[in-house]
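Below are structures written as structure tokens.
Below, chain A partners chain B and then partners chain C, in two separate complexes.
Let's turn to the complex of A and B:
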């Protein structure tokens, strides 16, 4: 399910399936997208931040179009205890690989992978990004 | 501010385009370093203060650099360069240009031009004593049909410089000279010829220097804070709106005193600028614009910044407007060039 901002409209609440993973997409070329994400984060229940949230930064292939300060994004990941992934949507290979990664994460968050919980996987991802 | 349509602006694809390999997708630091160097020390505080005024330099000698549009390149360190051999280099480059013309790569079709090359040093253009003094290359022409003593016309200028490039010069081996910034004014064909001579002779590499919107906003904030003697011209920001069928540019002009007043309320420590302060400054400008026009400038791409100090375009084009801040601006550009090289 794709939404441009949160909160989701309440009219459809009863029809909505359980949400297992929230991916916040930040376009590095648009400061507006970062502001939008920051505003939307306030509407997310705290329990999601135990491994069911990740940040996906797009547009990283073109360094010279960068309008967003990277430090602000790192800080977001730290403050909300969630991993930060990068991808370049313009390249099909990277697009596909990123989609596969997200799908894998989703399977874990939905509890379909025995032995791995969303929380343990989330901390594993953040731990590897820190070094 | 007035939105207006302009013909499609081709993005400078020759500009740096770093595509991370799949294996490095989640490795932030490599990407963060590519641009983050500009003005940020490890603690996140900003170094270069408002560009310092030059003290001893004679402004007359560098006056010819002002109010002219220069295209920017980053240059890797030159191997085997010596500033004692400038006359030799001029001679060799002259011969190279003549040879290229013979080969049929004549620049001006049908016009036989006698190209004269001059290579000189600009000792005033450096930041620290460790910097290599700037090197100026000028091509002038005189038509052989005109009388011997007729005036030569300057047709192309290019200069290499390094202002406070200690980060780079400290880390290169002995025989390398660091002049990471190259500025050009003149026909692209001459730029190609001169560039290839330097590349062949000194084993260096030229790349167009692009300036990201993030760095442009730093420049906007920094230059707004500078004191100017005469009445300053308006500060102008140009934004390019993405994802439209017809390209659209938005030009936002701000009265220089209003801009300075805003910056003065934002900046806390004189001589220091932080990313947060730049963000607040730009956000104020954006929300003011949104209040009037209901357009979110933060969703567009900042492509050009013009102030009384200088004007800079994201394709790597600069114009210096104040001699007292010339080295200050060069210091910023040197830093950008160095981070593009590394």
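Let's turn to the complex of A and C:
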């Protein structure tokens, strides 16, 4: 399900399945994008932040057009205890690899991987990021 | 043939892209077809230009013919220059029948009476467009063929498109001559400038697709869905919002291509509104500020902002009014009453 911001439109509530993973996409070229994400985070129930939220920063290939402060993004990941991934959507290879990563995360969050819970995976990801 | 004329023709030919040289020379018509056959148009431009000058020597070209070649070049590549739009006013009389010969005579006479050293050439094109090329000199020097102004006048309209290039000081003189020759009362510059002459024409002649306040009945929504959302596993939560944006955008910008402008400039003479605690300006005077938007194609860029999620729809009327108001340079003063009164000022 793609949405431009939260909260989700209520008229579709009855059509929506259970939400297992929320990926917040931040376009590094747009301050507006970061602001939008920050505003949307307020509408997320706290239980999602136990490994079911992830930040995906896009547009990282174009260093010249970077409008968003990287510190702000790291801080976001820290405050909301969620991993931060980076990708460049315009390059097919990276796009596919990122999609595969997200899919893997989704499988874990949906409980399809026995022995690995969303929370344990989340702390694993955060642990490796701090190194 | 004069040295300066030869050099001028040579430089003009060098400006033309190699593949187009033959066609343009044919349009010029000064060199015969047999003469053109003798030129190898596949050699480097440097050599082509030399050959062409040689042929012009044989035909004894003078500045008049050289000027015509220059007009043809600028008519085909007008976007190399910056054009401003001027509007002439009559004092409420009837539109008189336009006599081209009379216009040319009056124009030349008026201009020459103030400044003898000018080269003036005319060329008529379809849709009543008269192209005027003026090379400026000074009271003491001959006209400099490289310091030219171009005027495009559509005789059935009050609009004149001027590319003044370097010598801005001659502009009042030029305007005066135009007013006198076309039997108008006065002329003023519109705040509209661009490289794209055709787009300027589209704007003032209202030839672009305009937004009409049409009510789009619901069934039209079907259109947006088809190609993009081929994968039924992707569900757009905000589809109705996306469609609203598309609809609003279409209402504002219309369906067709936008006229091509490169800039929009807003000169702000408004008070700085800040948190009183910030204390940036104690004095209650206007905070002067210039905001300039630039883009290879400004209006298309603005049109794509809301669908790209980079701005809210509808966009500020200050941006969207550009084609309707036929201006891209604005002065914004303090709001005194209702919103429409806040901007615009000559």
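Heads up, the rule we're going with is that the second predicted complex is superposed on the first by the 131 of 131 C-alpha atoms of A that agree within 3 Å, B and C clash if a C-alpha of one lies under 4 Å from a C-alpha of the other, contacts with A are read in each partner's own complex, and residues count from 1 in each chain.
By our rule, a residue touches a chain if its C-beta (ideal position, glycine included) is under 8 Å from a C-beta of that chain, and two chains touch if they have at least 3 such contacts.
The model shown is predicted, which means the values in this text are computed figures rather than measured ones.
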First, second, both or neither for A:1, with chain B first and chain C second: second
Touching partner for A:30 - first (chain B), second (chain C), both, neither: both
Chain B versus chain C as contact partner of A:95, first or second or both or neither: neither
Which of chain B and chain C A:12 touches, first, second, both or neither: second
Touched partner set for A:62, first chain B, second chain C, both or neither: first
Partner, of chain C and chain B, that touches more residues belonging to chain A: B
Partner chain(s) touched by A:126 [first = chain B, second = chain C, both, neither]: neither
Partner chain(s) touched by A:85 [first = chain B, second = chain C, both, neither]: first
Chain B and chain C footprints on chain A, overlapping residues: 30, 32-33
Chain C contact footprint on chain A (complex, rising order): 1-5, 8-9, 12, 30, 32-33
In the complex with chain A, residue positions of chain C that touch it: 234-238, 240-242, 309-311
Chain B to chain A touching residues, read off their complex: 12, 15-20, 22, 25-28, 31-32, 34-36, 40, 44, 210-214, 217, 242, 275, 279, 282, 296, 298-302, 314
Contacting residues of chain A [partner chain B, same complex]: 29-33, 35, 60-72, 74, 83-88, 91, 93-94, 97-98, 125, 128-129
